[in-house]
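What follows is a set of structures to go through.
Each of the next two complexes has subunit A plus one more chain, namely subunit B in the first and subunit C in the second.
The block that comes next holds the complex of A and B.
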């Protein structure tokens, strides 16, 4: 902003105008989004996700030909597995590269030299990357929905739209975790490694651990459900299933317990787990970024 | 006699016409006590057809004469919330095209909309609303219950009565009825029944057979009940071409079979139930069998669930497609006492991983499903919380990688089919799909394009170096 200096002949000597905070965030978001579009990771993830989603849609419909009954149910089950594997990986690594990458390239100092607050830089980056991720997911799901429309008719449109919405929320929450990792890491290699570790933990280790504890400690259903819904991936999965079946009874005793005791508030509770996974890491990242040096 | 009847009807219609003026909608006429109808019946000769004038008749009607009661003019029988609305106490009575509503609610006396206590009755095309029991046949053989629509009272499922109950009424035909939100359509101690093209939704057991032998259930649709068809202690039952969908109560079975001999389950479609087929200790007698042929068993949580004691069933030409668990034993155990092929024809399993080199349509490797996660679910049902997650895949992968962890297979199909048998697929109707999914696809792609366009070109999101607006 300081590049625009007031002309020497100006009557009123002015300092450069400080832009409104929100417009700063939007500018950083726009920059981040354009950078993402131009980057290899965005292209790779979009292509990979689209190919996998379309493949899953085709495979899940092939068993019964064009016979559409419950076609989306099976496709959704396949897409669920795919989303839970790929989307956190996309979002965590994208977030992990954000600040650490700039720091390593030295551009972070340049950014922070502008008359903007660190919070604005961070929120702008988060917003821009979120937009890029949602864009990437919309392309993948859009092509996949095209396949479903062609082969299975319009079964489960509402459920599919909710799947896209919850996947976007999952991506944004995992992006927050990635940004937090990025803020605390000095180098890209470290932040990417940490992101992969977190991914592995959320996708496999915590579930397998919870399965083992359920057997060993004879966890009661309410404890099992409570612990599982702390994991953003399980919360995402249960939210999608609740929206599809209006009940969690497909998830056995723990799911039936949750449906019966929580009833209509169940989707909101699961969604709030995802929202918490968005806001808490992002808030922590903002605080740490404000406190820590730019190096 | 016929002449008198005609005269009577004419006079009744004439009286009604003079009383009400021009034909008016039924709500316009004031309700009359049901004794008006009783007097008409008293005057009618046995076998007469009584076309009642439109109107609401309040109270409890008892028919003690073999007549035909036709309510097609817009006749409503209203029990005012007390007792049984219409009681049939004579043989050969027909009640048709009437609306029957508001029976009592006292469970102990089991009030019904129409109670049939005598044989050869015809209950046809009636609309039954707000009744604890809908149509209740007791010791009424050779009846015909056809084309009725029944809805129970708005109570919790366990407090409702049966939509249609057939008790000790041999040779009865129940067809083309629609029952919504009742308890069961139930058959007790009745033989040689024909139960055809009925639809039951939102109830507890769609079709429930208790000690009722030798019957045929054909082309019924059971959707969204706790259990679709539950056969208990009933022998020689044939289920053919029925549709059982979305039956997912706590004990949600498409078809449940408990202690029944010689059942034949043929060309049914069992879709998206909690359990497709549940077999509990059937057949029970030595020398009897159960035959499951050409059924489509797809998208269920468990395709086939059987108690480990189950044996002597034959499965051939069925299509097990994309069930979360294709076949499992209830609790632990295996299903080895049953045959999964007959005369060299097995079943189609969508999880079959073999091949067919000689291209005779029969897989060259036997089908022995081994699922570690499935085995874990059998002993730890709580772990079902983790289905549809990568962790489940990890468990299955581990079992493939480490053979010592591999569980015993639950069944062996010696001649698995490599293509879906067409007879099974034909049993499933294809729902009409709209193309809203295409719209959704277009909307998402357009949204992504718009996002890119706006973010890349909008001036207020322009490059930072361009500076801020003044």
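The block that comes next holds the complex of A and C.
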């Protein structure tokens, strides 16, 4: 072992304070939020979602003479289908680019070389992107609510707020899945590809899989409901329908079973499914990111 | 300031850093020297605690593996190439890192001023020259006035002017008592800045020496870098050593220390053995830290 001696002018090292953990998370969240607002993807997604939401609102209301809450119900049903298609795509791809993008640009090493932990970087990025996504959705829903107020003469504020809240929860949960994908991918292209695969699976394949399973395995109705609740998109759909005071009978026997047996606790169970889809992937991402031996 | 014991890092079957042990006292200046792939960058990453490794490393007595965040608070890191978002403005980037290190706007302005970047706050990072980018990285490294500055080939992407600016700043820091650890492939830099040199080869320390021993500077000398074909580099090094020259291979050509009035001598020695020199670069004049004081 070699020792390098200090020159005569050496100073006694001072000890710069280590920043507080929550303050670091807030710094990263703030930066991520500002970067997202300034980025092309945010602009593109916001414009696309707003245009589609307004389009759906107009189409739902046009020529049917619906007014008041009836008009809102029709629009909300249209928005529900739009959200199920577009929002997971927005959130999954945004999350997929988060860590893999930093890694590919070479900025991740520099960030990790600061007095911060990997967990703080990851949570900060997740928080900032969540805020940006919710902002984007609020713009789309806000304009859509304006159209509803103008054309239908009113908006069911409580039900609309629940639609926005559940959509935000869906977006944050899908963002967590995207971030997890980003942590395990070395390149953005791979990460985005995986995110698209997950999106396709959740949006299209899982429904077909559930239908096929129910036929092949002769699933009981409670098992069918349980499996459907595990899909965040189905959980979101059922939660929104329940909150619009509509009957889950429209979803078939599984919906009817849920309405009859779970009653008032149903929205909470469905919200719990979405919360689990937020926390489990995010927790897994934190663990994997912390354990990763390289940058 | 730094203490490592048996630091080892493997990437699959490849041992990138192999049982490296050394100590560096506060105020010391250590250069990591070696060819590409010798393990300089990986060793730096181990010291920063951003990659996992076996062995022990501590900075200022703080265990890098167990308390990495606290250890990194004592370090200012300057990468080979500035890793900021290109669209970001210099001022806002600086403030982000200032807040991350818990220092205020006034200290950020001081730090920018110290590296001569005051007045450029509105510029976007992509519009900065290579030298300005490295000075910005240095400004970030100095934000919280850490006692240790770690630099990974800080001048490798700079022209002579940019290099001179960065080396001059580092010399001032050294004189102010900062501890420096840097990887470099430029002998002039090592001689100007380092008090010790760890020569790395295939991840292991093969020599723990001083710049003066690596490139004797009793007489006025310059370092000449010769570019040869890969196949002939090793043979050329042997020929030049036989001819009494101080030679070092570092993956960026063959560095030869020669008296200033006999710079063609190594080329002639190689020509006599039919070894072709493809290009030649005369590096900056060697100024030892002592000469600079």
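Assume the second predicted complex is superposed on the first by the 270 of 295 C-alpha atoms of A that agree within 3 Å, B and C clash if a C-alpha of one lies under 4 Å from a C-alpha of the other, contacts with A are read in each partner's own complex, and residues count from 1 in each chain.
The working rule: contacts are C-beta pairs under 8 Å (C-beta built on N, C-alpha and C of every residue); 3 or more make two chains touch, one makes a residue touch a chain.
The structure presented is a predicted model; accordingly, all values stated were derived computationally and were not measured.
In the superposed model, A:135 lies in contact with subunit B only, and not with subunit C.
Look at A:166: by the touch rule set out above, it reaches neither subunit B nor subunit C.
Legend: residue contacts after superposition of the two complexes on their common chain; A:253 is shown touching subunit B, with no touch to subunit C. Comparing subunit B with subunit C, the partner in contact with more residues of subunit A is B. In the superposition on chain A, A:105 contacts subunit C only, with no contact to subunit B. In the superposition on chain A, A:42 contacts neither subunit B nor subunit C. Once the two complexes are overlaid on the shared chain, A:114 sits against subunit B and subunit C alike. In the superposition on chain A, A:277 makes contact with neither subunit B nor subunit C.
Contacts of A:27 after superposition: both subunit B and subunit C are touched. Of the two partner chains placed by the overlay, neither subunit B nor subunit C lies in contact with A:289.
Shared interface residues of subunit A, touching subunit B in one complex and subunit C in the other, are 1, 3-4, 16-19, 23-24, 27, 31, 114. For subunit C in complex with subunit A, the touching residues are 1, 5, 11, 21-30, 45, 48, 50-52, 60, 68-70, 72-75, 77, 79, 81, 83-85, 87, 96-97, 99-102, 144-148, 174-179, 195-196, 198, 208. Remark: subunit B residues 245, 248, 250, 252, 271-272, 274, 298-299, 301, 321-322, 324, 350, 376-377, 380-391, 393-395, 420, 425, 428-445, 447-448, 451-452, 455-456, 458, 460-465, 467-470 touch subunit A in the complex. Residues 1, 3-4, 16-19, 23-24, 26-31, 33-34, 37, 60, 63-70, 73-74, 77, 80-81, 84-85, 114, 128, 131, 134-136, 138-139, 141-146, 148-150, 152-157, 160-161, 164, 203-204, 207-208, 210-211, 214-215, 219, 221, 224-225, 228, 233-234, 237, 241, 249-256 of subunit A are the ones touching subunit B in the complex. Of all the residues in subunit A, the ones that touch subunit C in their complex are 1-7, 9-20, 23-24, 27, 31, 35, 38, 105-107, 109-110, 112-117, 293-295.
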